Every structure is written in structure tokens, then in C-alpha cells.
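The structure's right below; bear with me while I get my questions together.
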């Protein structure tokens, strides 16, 4: 009954097999091997256009270096107030950009409200140097609140972003889960809606350590090799990342794993809805579920072996908790077993 | 009728005389002259304790280097959502701290609400590395909204700050105006209430270029000389800053200038209250006044020669403006003449 | 005949098996799993004392974060003029330390000359803020020139380093090769000689991606978790690094692999000494060999399938090349086969 | 007999008068006043072309922000091994560029040797990301060694610099002294020889605090306003810098002051040449003189009231000092009196 995080899962056997298969012989280091090049081409196909793709080691690196690549002095990145880049990356985005500000934009359901985005941006007057200068807007798909931006929501944000000459970044740490929860293709979810740079995560969904930054206009990535190396993110044996991604993208493995993960989350959501002892804090899609549970019940669940995190209540939502309740985050993964979900729900019960 | 900013004022004759007087002969550079030392001692007297004081060139430098001196990796500074360090320093605080985050805390009247501060800080769990680590709380006295923290408000914030081992910083860009608007002494407004570091501003109030960072526990300032030099803020001919401050602090000049400035603002406030063509956006003290004026009237005032800035409406307060109105900031200074205020109010009129 | 770099080798089967074995089930992320803890303990045993150890993804990260952990404003790290941290890390050490300077110290054979070190350090006068402040001395063992510091050489450098209160860092990207080329134990080569922090590399010697920073005084590492996370080097699934290191350190695998690699380099060295068509540029130990070869011969070797890099001639040594000659670096690895060396030497020949 | 530094001098009366004159009334802050604009135009005339000019507070800021404006990830600035930007700015250039490396180039007389420059640059292969990427070459005119680059020397360096698409920066902290020691005009000494950015110093030569960055191609300065503000170098009351520069540049005051200063140094040089008790360490022009003096004699001079600094012997020149000797730097300034020089030389004597 472990719903701590999809980061707690291991690697899918197909990933390990690919790593082992690619381990023999010499291959050019630092991204120059045939395998690296083949995977880069695979990304072109996946996104239905020529892209520039850069492997890095962590999702935090992907986000931080993406911002670094569009950095401006006094730069400002607009993101949701509870965005992962603000709350969970220990200042890496600010660090790698030498102090760009992650400016919080309010919005329900963990998503930027376009009206608030417009308002925040309008605070910046041209040539008013004191306020700094916006450089990017960043959205998570799905977000840390487990919700998804709709097609039209991304389009609205992209329109505002591009009207000011800014870059639209998408944090896709759980990109496969987002795709799997919608009917969109990788291209449809990204550049066709106006996304300029994608942090493409594979680690959480069955890899060991495989993150990539996808720049949809390769001409804008000319300095990226230096940014990555200076950022200590250029692996020497990059083929081991490439080996993971080869297997990950082969025959739709990545989407099958994400679909499983989402399905397990659906079970959890259904169970919460059916229970009198807990409720969803807000409706989610993908593989993160937020549950409001009485503290006593939560302790009982943990005593029975359930693992999950207490979660900070989003800004301005403190009223969702009644006295004695807590907010729990439940995450499923590619390796979550249905019996685990069932056992959890059984322990949760339908009424105390 | 120039109410653009106290930065638009020049320097008081006494300041210029002191500069000219101290210009003769050789004196040790980089802060080692007898005059520098004498002014340092003057700060000890002013604050009724041994302090460490460092001259810098701008208020932005004072704030940014103050944070740099208490920096931690992944550091977070709590400040009001409309704080100068967030909105008006082009990312300098983040830059000089290599990416510390200026975390916005909501609160009415441009002041941190202690309850919200407590809530924000409680989001940081010990050893939860992902969120980063709070390092300081920063308040402005007076703030950009022209309001003042009361004695008990500062004490409440200091208690929360110190309970977590953090540093309390006060942005005193208009410190003299704050003192003059209350009955507190420099010591009473700062370390006696729990302030650890003060950005002491003199430029706006009659100097040319004289800002100082006052560290109330000198033992915590051992690395500051290197931080300042690396930050390109160690003037070679520091005696010219010292010369300004000598005159500034002599015989209470600084407080007289601030009192005048505040008094001019009082006139403005009274005039706004008496007018049907404008109103105070919120009550202020010190030398900043925020007025809601109809756009047509504002244009007429400007056509008549009045100078003032449009101001961004604080977050969550958009409803204060009715259709066709704008928010104006009116700042008085040591050199504002009463006739200017009167002319402005006459032009404003009492009813259209 | 591939002597491009040990980075071009893949991973040893035992490493892959361990990764596969550890891939099942859920395990705490971000370094908190049982396996992570077990490997940390393994480092205590290896170094015969309690150490703090932090896994990171690249050798560049290991060095850069090591410096960041002892950073001072205006900090200066003394290192050899051809040190990897100067020449081959794209400014990462400077970047992660917000601009600490990597100060070049001259010395023969790619090693810091203690006399020059003393001289460089004596340029820094106490409290003379303009010059900045030394914070560390960094040596590579073995260095990029393939040479090794002797016991007494490290002791001499450590004495100078510690006399000034500085930290001694050892870049051990090829630490196993260094150990294998001497009779020293891990403890004897490091803290027993005065080394304070070690970059422990395993990637080049049979792992995929396994680097660690070893801090010999764990009390000095309290901020390191934040430094690593802010630096985007905290892997979520750290157990995959731990899995590599478990196998790497088991039953002396790492030393056997390094011994093989060094032996292959010995063959190369012997062959060069015996050939009239090339000569060693300087005597090396460990697994890097530097050969001076005529350009025509070098082209012929490459045409025959040999892979190796042109190498920059060290500062002040341009006279080692005669007209028409080039400097080649030949690196062996755990996977180099003796037949490859033999074929290379056969192609090199004994006389043209 | 104070030859410590031209930084120890005060301000010329004409500077003070100008400051006092410009102190009345309101004027737009942050560089937008009429006076600011007039001085900017004055720089156009001075350099015989349209330039972009930015006032800052210190010479260190001028250099550091100049580099920041041409920064690249992994950037490298080539400068002389004893350059001020390496030895005397506490890492500010590295700090403001987020870790660009100041790469030392050897050369006699404190000047970059073009051959060595070429050699250093040739170490950087296109697209070899590990080494970083050169971005600028920086020369000082005059340099910290008191020597001057000739016209052809600058041209040679500019040719190498521009052949690689790099920026040529000139540190002109004592620019007036350089001009005064040659027959070149400001334009001839800078952009006509290929200089792209100039740090124009006025502080040492009779101002209080007046430094400027001159960008000869204004189109390359579009981000500079943000770089300066983020760097905390945008003074609010910029008119006080403008007031200094107005007087400084009026009627050739600056060149007269520098000529005096250089003349005083000539006296010192002549005196040293005539004395048996000291000798010039190397021939200088401009207002810095380097003398080798016996330690006993140096102490006697100091006992008699002479003030001067011990100076670090340049790299590779330790043999210039015989046993018991020290290297002294003697700096003259606009306010040095001939009687001071004479008294110093009398105390030095012609033979012991």
C-alpha cells in the first residue's frame, strides 16, 4: 500500500534489459554515440518535427536548465503559486538562472488562471528596469495538484505568453501520464498548442534516470550544450540514458505504463468517492490523488502499512480542512498493483 | 508640483558643504580613513550599541548584500508580496544570493500579516530539502505602501522569525521618515524590537549617494567585507559617503528633513480627504501618499504640471478602482515646498 | 584500438546485474532507501572512519559541489594550471561557487609544485579584501597528465593548505586507478595524508553513472544536502547509483578493473618506449598515456582504426613537440583488450 | 609623501562646485535627467561617434558589468596574469558573470603577449564544450604594472580577438593617464584600434565616484540597463555622477589633472634612476612607478612619513629582487605636490 511517490518505484525490466544490452563495447561519450543520435531522431518522430533534445539527470535540472536557456538579466518566470519549480526544487531554477524570479500566479486547481497571468504581466511596463523583465511562463502538465490543463487553457496561456514575446515552458515530469489521461498526441499537447520547451520526464514512469529537455525550435538551443555542461548535467556515458529511452519509447511501453498508473489512480478516486471516511480534496486526473482524511483514520492506515505523504494545503484553501483532518497525497506508479489499492481502500473503509 | 519620487530631489546644502570640506588632502581609501571610522562610531551612538556598518551605493545593494550575508543554499526570504525587494530591484536580491527566493507573504496595507508568515514558514518541514530553507524575514519600514509597522507588529514578526532561527531584516530606505512619524528612537525601532540587520537609507532624504547596512551583532558580519567587495560596492573614496553621513546625522538634520517631508505628505493627505475628486487609496504615514483619481482629472493635473507615477494596484485589491480611475503615488521629499502641495490641491479641486 | 577515453567504455556486467536486481519493489527516494544507507556504511568501512558521502551524477558535479560546500565570498581555489577543474569543466566550478576563482599553480608533470603553491598563497595578505580569499587547494589523483602525487608530495601540500586553514580537495575521477598504481589504501591516500574532501569517481571504471563526494569530517557537510538539491544533483531514484556502487565495491571488483586498466597502459608505455615512431611525452602511471607521434604516423594509425585524442600541450612545454609532431592521449579502461593494445603497437611499428 | 594610491586623493574643487551647482531642484532619477542626457552626448563627442554610456559606482563594477554584458555560458575572458580583474576585484568579474573564467595570459611588462594570447585561444576547439568558450579579451590601459600598450600592440590583440568573434574590453581605470602619456585621442586609443567596450574611470583622477562603461556599438547594449540594475549599480540620483563628469570633461580638466599626475611620476622615475638606493623594477609610463628598495631603506622612508604599498612580485619575476629588497608601488595623483616628490627623493638619497 505504498503511495508515497512514483519516485519510489524501480525500473521496468525492459529498461534494465536495454541498459544491459547497450553496455558492451566502446561508444563515443558525451552524447555523440550512434545510440544517442538514434534516440534524438526518435524524438523528432515522436513530436512530428525536428527538435533539439538534451538528456539530463533530474527533473529539477530539466526545468532549471530550460529556464537558463531563455534567461535574461532580471528575468521573471510566471508560474503557478504551488508550482514544483517554486515549492520543490530548492531554488534550483533561481540558482541556474543566477536569480531569475519564479513569480507566483494564482489560480484554482493548481493551474495558472489566464486572467491572473495577464494581470501579473501587465505590472511590467516596457523599459521600467526596476521590475525586471518577464522571460517565460511555465506550466506543469499534469501539475503538482494532479490536474490537467485543457487544450483551450494551454492555448489561452500560450497566446498571452507569445503576445509578449515570452517563452512557454511545460514541466512534463509526468508527461506520459498527461498524454494517457487525454486524447492528445505528444505534438498536440505541446508545440501545436504553443509550448516552446518541454521538460520530458521518464524517470518516474519506469526508468532509472532519464530526463530530457525538448526545444521545439532547435535554432534557439545553440547555447544549450554549454549551459548543460556548465550545469554539470552532461553525463559522460550518455548512452545509458539513451538506452533507457530507447526501451521506454519502444512499442508504446511508456504510454502503457502511464495508462496503468492512471488506472490505479482511478480506482483510488472511485474508492475515495465511495467512502465516508475520506474525500477527494479536488478532482484530479493522471496518477496523483489528493485525499482529505481524518487524522485518526490516517494514522490507522499508516499503522496498517499504508505509505503516503502529508501535503501542504494550497494557498488560500485552508478552509478545505475541517478540524482533525489532514491532506494526503496518494501517488500511483507503473508498478502499483491493484491489490495494493484494494487493500488501501478496504482499510479506509466506507464508514467509521 | 513634482511628487514623482524623493529620488528626484537633490542634495541638501549641508551635505554638499561637508563633501567639499572633506575633499582636501590624502585619506586612506576603501573605508580606512579617520572620517570613515568616525562615522562608524557615530552609528554606534545612534543605535546605542556597538554595530557593524558598511557603506554601499544604492538601496538595492543594501538589501541584496544584507541577504547575501545570511545566505544559505536554497535559501528563502519571506517578504511582503509587494515588497520593494520583489517588485523594484530587478532581481538583485536573487542575483546577489545566487538564487535565494523572495517568498511573497500576503498582508493588508503592504505589511506582512504574522498569521500568514507563520503559515508560510510552516510549509517548510525540517530536513525536507526540496522546499529549500528559510533564512530571513524582511520588512520595510515604512513600506512601499507608505504604511508603518507598529511596535507590536514588529515584535510579533520578530518572535516568529527568531523562533525558527532566522534573521529579521528591515529595509529602511526611508528610515528617517519612519522615525519621524513615530515616537521611536533608532534603537527602539530596530534591534530593541528584534531587527538583526537594517538597510539604512539616506540618499532619498537629502544625500546624494549614502546607504549603509547596519548589522546589530557585529560578529555576524565577518564575511561582509568580502561580500561587499565581490559585489562591486566597495567605493575607493569612501570618505565621500562618510562626509555625507557626517552632515546628515549632525544636529538632527536627517530627522528635521524627514519631518518636513512627512508634514508635506500630511498636507496632501488632508487635501485628498477634503476633495471630492480624489481619495486616499489607503491611509499612509510617512512621505508616500496613494491617491485614487479619475483618469481625466489625472491628465488635467499632469497638463497643469503635476508629476506623479501611475502605481500598480496591490494584489487582490483591484476592486478599489472604479471604472475610469487610476492609482497615483505621490511622494514628498525634504525639498518639497508647501506652495507645491497647495498648487496641486488647488488644481485637484474639491468637486468637478 | 579505441583509446579515446575510459568514458567510452560501457558498464561491467556485475554492475548491470546489480541494477536489475535492485529494480523491484518500492524504495524510499532521494537517498533514504535501505540500499542507499548500506552503501553509505560501506564507505565508512572503505575509508576506516565515519564519513559523509553524497552521490551525484557527474565528476564535474562532484568537484563543483565539493568547492561549493567550502565556498567563501571572493573565494579562490588553488589548482594546477592544467587541472580538469580549469580546463575541462566548462566553468562549472566557478558557476556552482558563484564565481570562486580557480587559480592556476604551475608545476611539472601536471602536479602542483609546493613551492609555487606557497608563493601563490603568500600573495594573499590577511584582510586585504581586494584579492579575495583562498578557500581550498585541489589536486587530482591521478591528474589529467596521468601522473600521481607521492605520499610526501600530498603531505607537503596538505601542510601548506592546513597551515592557512584551507580545505584540501582531491579529484579522484580515476581514484581506483591511483590506488591500483600504488600500495596505498583508500584511507592512506586521502585523509591520512590530509585530504578533506574527495571526489570519488566510479563511472569511468565500469559503472554507468556513479560519482560520490566524500567529506571526511561529516560535521562540515551539514549544508551539503541543500547544496546538492539546489544544484539539481539529487537523483530521485538514488538506489540505482547505490546499486552500482554496491557491486563496484564488492569483493574488490573496482580494484581489479583498475588494475587491468593500468596494466593495459603499461603495455602501451612499454610499446612506446620500444618504438622509434613515437615516444612518451612524459612518464605516467595509471591508465593515461601521452605519446608524441609524427602527424603522418598518427593519421596512418587513425586510418587503421585507432581512436585517440589530440591533446593540448601543457603551458610552457611547447618545445616538447618537434616539427610535424602531435601530442596524443591514449586512455585504457576496464574493458580494453590486450589484443587492441597489441594491434595498436603493431601499427605504430618500431621504425618507419 | 603619500604615494599609496591615487584613490587616496580627494576631489578637485571644480568637481565639488559642479555637484553643489546641480543639487537644486527636482530632476528625473535613474539616469533620465537632462544633465544625464547631456553628459551622455558629451561622450559621443569625446569618442567621435554615437556610443552607449552607463554610469556605475566603482571600477570593479565597470569591469564586471562589461563582462556580464557579453557573457556566454562557460565563458572565458583572456586577461593578463596580473590583471586587476584577476588580482584585485575579489572575484567580482566571476561573480557578475556567474562564473566566467578570467584566464591568465602571460606576457612581459604586465601586458598580454599576442603570441601567448593566440596560443591560449587555440586551446579552445570549436564545439568542444568541456573547455568552455572564450567570450572576451581584456586589456588594461595603462595596466597595473604602469605600462602602456602601444598602438600596434592593441591592434595585434584586436585582430586576434575579432578573428574569433570575441569582444575586446579595455580597463581604463586610469584612462586619462594613458591618454596623457601618449599622443592619442580617446577615439584613437579605443574603437579606432578595435576596442569594443571601455571601462572609463574618473574617480582616481579627481572625481569622487564616477565610472562609466562605454559600449562603442550601442546596439550591443540593449540588455545593459537590466544588467546594471540587477547588479545594484543604478544610482537613483545619477545626476550627481553626471555633475562630476560634466566638470571633469570641461575644458580638458581631466587631461590637465592626468598630465600633472604623470609629470609627478616622471619626477619619481628620474629620481629613482639617479639614486643608488633604489631602482625602477621595470620602466613605466603614466602615474604608477615600481621601485625596488632595500627593506631597511624602505622602513626608514616610512619612518620619515612616506606612504606606499608593498607589491606582489609578478609571476615568474622573483629574481628581480635581491636578498633584503622589496618591491614598492608608488602612485602619484592629480593632487600630488612636487614638494612631496622632492622630499621623498631626498629621503631616498643617492647612496647609503
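Order as written gives the chain letters A, B, C and D; numbering starts at 1 within each chain.
What we mean here is this: contacts are C-beta pairs under 8 Å (C-beta built on N, C-alpha and C of every residue); 3 or more make two chains touch, one makes a residue touch a chain.
Everything numeric in this text was worked out from a predicted model, so none of it was measured.
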item: Touching both chain B and chain D (chains); value: A, C
item: More contacts between chains, A-C or B-C; value: A-C
item: Approximate Å spacing (C-alpha centroids) for the pair chain B, chain C; value: 50
item: Length of the line joining the C-alpha centres of chain A and chain B, rounded to whole Å; value: 39
item: Centre-to-centre distance between chain C and chain A (centres being mean Cα positions), rounded to whole Å; value: 34
item: Touching two or more other chains - residue numbers and ranges from chain A; value: 30, 73-74, 89-92, 95-96, 98-99, 129-130, 132, 226, 229-230, 234
item: Contact footprint of chain C on chain B as seen in their complex; value: 30, 68, 72-74, 98-99, 127, 129-130, 132-133, 223, 225-230, 234
item: Of all residues in chain C, those that touch chain D in their complex; value: 73-76, 86-102, 104, 119, 123, 129-132, 312, 318
item: Complex contacts: residues of chain C adjacent to chain A; value: 2, 4-5, 7-13, 15-16, 19-20, 22-30, 56-61, 64-65, 89-92, 95-96, 203-204, 208-209, 226, 229-237, 239-240, 307, 335
